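Next up is a structure, given as structure tokens.
Each chain carries a letter (A, B, C, D, E and F) given by its place in the written order, and its residues are counted from 1.
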Amino acid sequence: MPQTYSYDAYTVSFPKDGVAVVEINRPEALNAFTETMIVDIGRIFEQLSTDSDCRAIVLTGAGDKAFTAGLDIKKANLAGSAEVVDPARKMISELRPMLMKLQNAVTQAEKSLKPVITVLHGYSFGMAIDLSTATDIRVCTEDVKLSVKEVDIGLAADVGSLSRLVKVVGSMSWVKDICFTARVFGAEEALKQGLVSAIYKNKKDALEGALRLAELIASKSPVAVQGSKELLNYSVDHSVEDGLRYTAAWNPGALQTTDIPLAVQGSLTRTKPRFEKL
Amino acid sequence: MPQTYSYDAYTVSFPKDGVAVVEINRPEALNAFTETMIVDIGRIFEQLSTDSDCRAIVLTGAGDKAFTAGLDIKKANLAGSAEVVDPARKMISELRPMLMKLQNAVTQAEKSLKPVITVLHGYSFGMAIDLSTATDIRVCTEDVKLSVKEVDIGLAADVGSLSRLVKVVGSMSWVKDICFTARVFGAEEALKQGLVSAIYKNKKDALEGALRLAELIASKSPVAVQGSKELLNYSVDHSVEDGLRYTAAWNPGALQTTDIPLAVQGSLTRTKPRFEKL
Amino acid sequence: MPQTYSYDAYTVSFPKDGVAVVEINRPEALNAFTETMIVDIGRIFEQLSTDSDCRAIVLTGAGDKAFTAGLDIKKANLAGSAEVVDPARKMISELRPMLMKLQNAVTQAEKSLKPVITVLHGYSFGMAIDLSTATDIRVCTEDVKLSVKEVDIGLAADVGSLSRLVKVVGSMSWVKDICFTARVFGAEEALKQGLVSAIYKNKKDALEGALRLAELIASKSPVAVQGSKELLNYSVDHSVEDGLRYTAAWNPGALQTTDIPLAVQGSLTRTKPRFEKL
Amino acid sequence: MPQTYSYDAYTVSFPKDGVAVVEINRPEALNAFTETMIVDIGRIFEQLSTDSDCRAIVLTGAGDKAFTAGLDIKKANLAGSAEVVDPARKMISELRPMLMKLQNAVTQAEKSLKPVITVLHGYSFGMAIDLSTATDIRVCTEDVKLSVKEVDIGLAADVGSLSRLVKVVGSMSWVKDICFTARVFGAEEALKQGLVSAIYKNKKDALEGALRLAELIASKSPVAVQGSKELLNYSVDHSVEDGLRYTAAWNPGALQTTDIPLAVQGSLTRTKPRFEKL
Amino acid sequence: MPQTYSYDAYTVSFPKDGVAVVEINRPEALNAFTETMIVDIGRIFEQLSTDSDCRAIVLTGAGDKAFTAGLDIKKANLAGSAEVVDPARKMISELRPMLMKLQNAVTQAEKSLKPVITVLHGYSFGMAIDLSTATDIRVCTEDVKLSVKEVDIGLAADVGSLSRLVKVVGSMSWVKDICFTARVFGAEEALKQGLVSAIYKNKKDALEGALRLAELIASKSPVAVQGSKELLNYSVDHSVEDGLRYTAAWNPGALQTTDIPLAVQGSLTRTKPRFEKL
Amino acid sequence: MPQTYSYDAYTVSFPKDGVAVVEINRPEALNAFTETMIVDIGRIFEQLSTDSDCRAIVLTGAGDKAFTAGLDIKKANLAGSAEVVDPARKMISELRPMLMKLQNAVTQAEKSLKPVITVLHGYSFGMAIDLSTATDIRVCTEDVKLSVKEVDIGLAADVGSLSRLVKVVGSMSWVKDICFTARVFGAEEALKQGLVSAIYKNKKDALEGALRLAELIASKSPVAVQGSKELLNYSVDHSVEDGLRYTAAWNPGALQTTDIPLAVQGSLTRTKPRFEKL
């Protein structure tokens, strides 16, 4: 029985076999994130991670103007409640738990073994970077306007951008430039620095491109794809030696899959195998 | 009361509000470094780190010919004193302490929470890489001549280049190429590989560009900027999970800053806030 | 007395002073790897690591068509023997030891202190990535066809590609794209992403280029070059602080080398020193 | 408004100011754990972590016979569902998620900043070790019968015992002895090896002792106590250097607490301060 | 077909079902180790690790006087060959490879998944600590004379004692005391500090005790025991979080073993199951 | 020329050849620490680390009543200056730098390669634990009164106790007990838990015992002793594998010492060698 996805500010659809599209759906506010919305996107990734109909995910924002303008600062309560006056109590009982809740939601995109492709278009500020760097592949439109916006509202980005940018692109000089200045940069720069791996003319093309990529991934052995995601995520955070050791713990179970004879057979006979759900 | 900076081979000035310029000032020797000069640059960064007039730093070299030609090998005593004959004693009581002293000096640029932008021009050999990779942002001139020069004097770079290059650029193939061959490379290659994030026509333009960038950074909330530097430096050396945990220790204190309401207010009213010194 | 290298599917030669060329020599099968061949290449790197006639290594594949088409899937027994039915026993006593044996062989290229340059040409699938990412420098031909092929045969790459790609190139978005899709990509893309550091017109030129590079490296102080390799490999897997500490353990011994006065003298007199074997 | 705690197999009470007692309440089955019960204990720790009425927690088991006999193996489905035949699919989509869910539940005791004291009595097998090693302090009765029981049902302990025993006691020789043999050991041995820090004559005394200890902890500054727990937990998993750096991120916020002047005043005047809730 | 073990200075026997006894057999020299002997003991552990007749190993020394007096300093060439005069060349091409070869041999005891119990009696100096700390469980006789002897011959212990003692016992104050002084200590002290987990009256009793323990371990599910060893060894070197993640990679394969239903059945019916070889 | 040691609150003497005694000398205030005193003890350890007359250090407190009563809370300004009102500015520009300065001072005892033995007697609260856990060996008197006192003044210990206690003793249950309660414990408990490695009847005996131990250490090869300290300190913070690799970087230089032939000769002829200064 297929799962249902019912979230206030999101639309989840399955336009292609095995491919889920998650759309941030608050275009009237440039898809700006409220606290609830951040928690909800975490729930969606968690739910999709156990939905066997889903083998790859595309993340996008509704409307033409923005993937997301970032945190909805009018609704956010960045500094905690006024009644708690002891800075230490505010820190330990309010701000830290709130922060960890938001971090944890964003991290679901990374913890899920299902590959996630983010389509960045229009305004893609703040949370756009936090969220998309927790996903696997980023593509964008020619008109994208990207920014690690947090310093402009007086804070160091804290739901993931700073911890993940240093892992997903190569140039620290560039990362620090964009993080210290909050300057807006475009598609070409994002591609050149490796933040995105493709540029499309417009949102329609980008979405189609992302869907094709998701479909391609969904057509592969899910045992192989999901293992690859876990091993890559582990490896980027550990030494090569540890990466190999973890692989040697994971793969001896995974290699017993029926997908391998199926895939090898397909490869030898040049026919396309169909892999069971996972 | 403003601090004073009096160092033999350096000029420290404050040409813009909140922006310090540190100039290596030994142009007659192509700004080559003596041991004392390395120790002194560490002291300068340490002093600036607690100088509330300083919010961003530009590092440059005097003269047109060189940022620095590297270590002054005529004055360096790379192999320790002749009278110690036991290789182990020479290692433990002479060479290791000397090496750690120099490493420690260079590391001050990284430990300081104030962003540092290095302007590389002309000869930028050896120490130029050691030092600039410990800073945050690197820009260069069209005529820059860069080289990890150490193998050409018979040693593996040991005051930071090898430990930091692998963190600040993405391509290991390129890093090993330049480290094993000590070959000289130019601006375009440095930009393409992400070692620098901008090229300027000449030194004058580069210095102006770096100053503008420094001014921009200095105009942002120093709580936000300095937190961002610390979180990025921590994150590049730790797992994503650890990066998030460290952020959740740091930010709940920093989020209580008065800069946030000020910045949010500025953002909503589209006026430019002025942030207090830090 | 020179060492001899006698391996079924490899030719090892020394065309230049100090430079070894290891050729995968099974062109009739597009240099596809059997299990024995993987073990043997590990032995070759191990042997070369203690061969004082060798200061730099070039790795290439025989024939015009392929560096290697990858694992010889007709001969591979990916899923272990049929008679072991308990999945846990198959995992612990068969697949894990086999996997670790292959990982260990590939890792010899990394553990050896001698720099290794891989020349990728034609089909360079699967094992081509596993093996070449364990070497130091990668160059390729214009016609190279690269692919992290493993998901196409139903498995997550497990002898090194996933653990090393995240360390040798900068863009995680691109790494995940190529690992999840197994798509074939070419020279320009590999160069842009930093997987290779040079493209040559054809195999002949690439081999010559690699040999020149190897010769250049072999002409430098081997104490400096080999120390640089070890320190870079250590640093990519550790924090900057740990990298510096390790350097401060290694270099105080290495700095006592007679190569330094020789190199400094050469540098001051602009003559080319000849360094002793190591 | 006080929180309510309503869980099938647990009783949560607050017998002392600031002290919660969590009782595993399934004595008819020697407090054996079902999967649901493990998930629920995680929820209880999570709920208590944000309950400002709770400053310290005592964990105990109902009845005289057992803290817990361990996993309820009659109800557990250790090997997953029969209908999934592909070993890799069973591994990835069933067993790993189930395992991570249970690990995550147990880990809540560790993640919560509220100190947890476990009272071990009677049969304390398997889950007793998994769970109590995730808590902070362990005390026991003279009649306790402890065992890392997992190998006796054919598996390596996987919800925490193996990962935590090596951190909470000093002797690896002893840890391996008890883990490889699953032998039952008693109070004296547990005390000698540091697994518990106190032995009481019987359950009544042990519970009273634990309550007194919890009360004492609850009387201290909760800012100080909870910070100490977080810093100890971080430090045991990181280098000393990282531990100090994390402390230097955490404490500068916490040191601004109003508890410090209160505590210092109390210390100087030898009066007992009362600290606000956290 | 059973494997054969033929090594000059060792006797390997199988006195009990599934239990191998490795005896250092050079009593005329107090079982002092030559370089070859160290390499050979690594080979023995490697061979036993794939010998399905072996489920647990006892390591002992022939004769009444000594487990081992340590390195045979008359035969050792600690400082390398006289003809290499460059300290850096001696370091890189001679001493480091030799050291890594010896470290690697000792590490085989740890890498093997088969539990190893060391029986320490009489003189147990230097290599006795290096070797036994790489094994899992240590027991000793009342007359044992233990010493980290290396500083007495002018060196810091380098084949494992220093890296492992800090992991296998709890008190750093004690570890540093014995390492800095090389003083001889006895059975009671070793037991109190957790270096050994049992003392026996004499060698005969100790060997019998170790054999009984080995037999007990060998009677358990080898899937469970060997998994436990790997997970404990991984966990002692990683954070709790990493330990749990590694467990969640390893166990989902191992849980599919036929040993679990067999063990559960045995547990429920209180009969002793017989587990298949691994 | 011997170095001179002139510090307000310390006496440094050399009662035995190669042995320095550092005495905290503010008995009228129970040797309580001011901020300056903490900075100064760091300077003393730094100075001794390069004093070739010093091979081992004894740390003690003047007077009969206390090693140290801890931080002088009357003089400490734990919460920073009153004029800084922004909690984030207070955190970043005042409290964190102050904290890091104190941590850094205490860490000098650990960074120095010279072994340090602390003699704990009488009141040994707070800083007594911070400081002594950064030294190598701890001994105490029968009348010692130990306490991790910090929670009693409202803070989590932040100059080292929490980060180091988890490394220097084995039982986490005990560490958390003493850290959460700040209870006073005595010599027997400290010995049992491995915090100290010897108890002496009174201060006079303890000092004599520590001096004898220091003399013994000072009589050994300083190359061996200091290498052992560095390798142990590195190893406790790294994996076994990393520990071995670091050893393989350090020892190949150290093994070339003239101390080894001297020591081996001494060992073979049963004469006591005299080792050169380091």
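Note that contacts are C-beta pairs under 8 Å (C-beta built on N, C-alpha and C of every residue); 3 or more make two chains touch, one makes a residue touch a chain.
Remember, predicted model here, so these are calculated numbers, not experimental data.
Enquirer: Quick check on the contact network: minimum steps from chain D to chain F?
Expert: When the steps are counted carefully, the minimum from chain D to chain F is 1.
Enquirer: At the interface of chain C with chain E, does the proportion of residue numbers present on both copies reach over half, so same, or stay under half, so different?
Expert: Same; most numbers are used by both chain C and chain E.
Enquirer: With a Cα-based fit, what is the angle in degrees between chain E and its identical partner chain F, given to the nearest 5?
Expert: To bring chain E onto chain F, one rotates by 120 degrees.
Enquirer: For the interface formed by D-F, which of the candidate pairs B-D, B-C or C-E is equivalent, sharing more than half of the contact pairs by residue number?
Expert: Repeat of the D-F interface: B-C.
Enquirer: Roughly how far is chain C from chain D, going centre to centre by Cα mean, in whole Å?
Expert: Between these chains, centre-to-centre, one finds 47 Å.
Enquirer: Averaging over Cα atoms per chain, report the distance between chain B and chain F in Å.
Expert: From the centre of chain B to the centre of chain F is 34 Å.
Enquirer: Please set out, as single numbers or ranges, the residues of chain D touching at least two other chains.
Expert: Chain D, residues with two or more chain partners: 87, 91-92, 167, 169-171, 193-194, 223, 227, 230, 236, 238, 241, 249-250, 252-257, 259.
Enquirer: Help me check something: in the complex, which residues belonging to chain B touch chain A?
Expert: 115, 136-138, 167-171, 193-197, 213, 216-217, 220-221, 223-225, 227-232, 235-236, 239-241, 243-244, 247-257, 259-264, 267-268, 275
Enquirer: Quick check: in the complex, which residue numbers of chain A touch chain B?
Expert: 73-74, 78-80, 87, 90-92, 94-96, 99-100, 103, 107, 110, 150-158, 160, 162-167, 169-177, 179-183, 193-194, 236-238
Enquirer: Would you pull the chain B residues touching chain D in the complex into a rising list?
Expert: Those residues of chain B that touch chain D are 230, 234, 238, 242, 245-246, 249-250, 252-254, 256.
Enquirer: Would you pull the chain F residues touching chain B in the complex into a rising list?
Expert: The contact residues of chain F facing chain B are 50, 52, 85-89, 91-93, 97, 113, 223, 226-227, 253-259, 276, 278.
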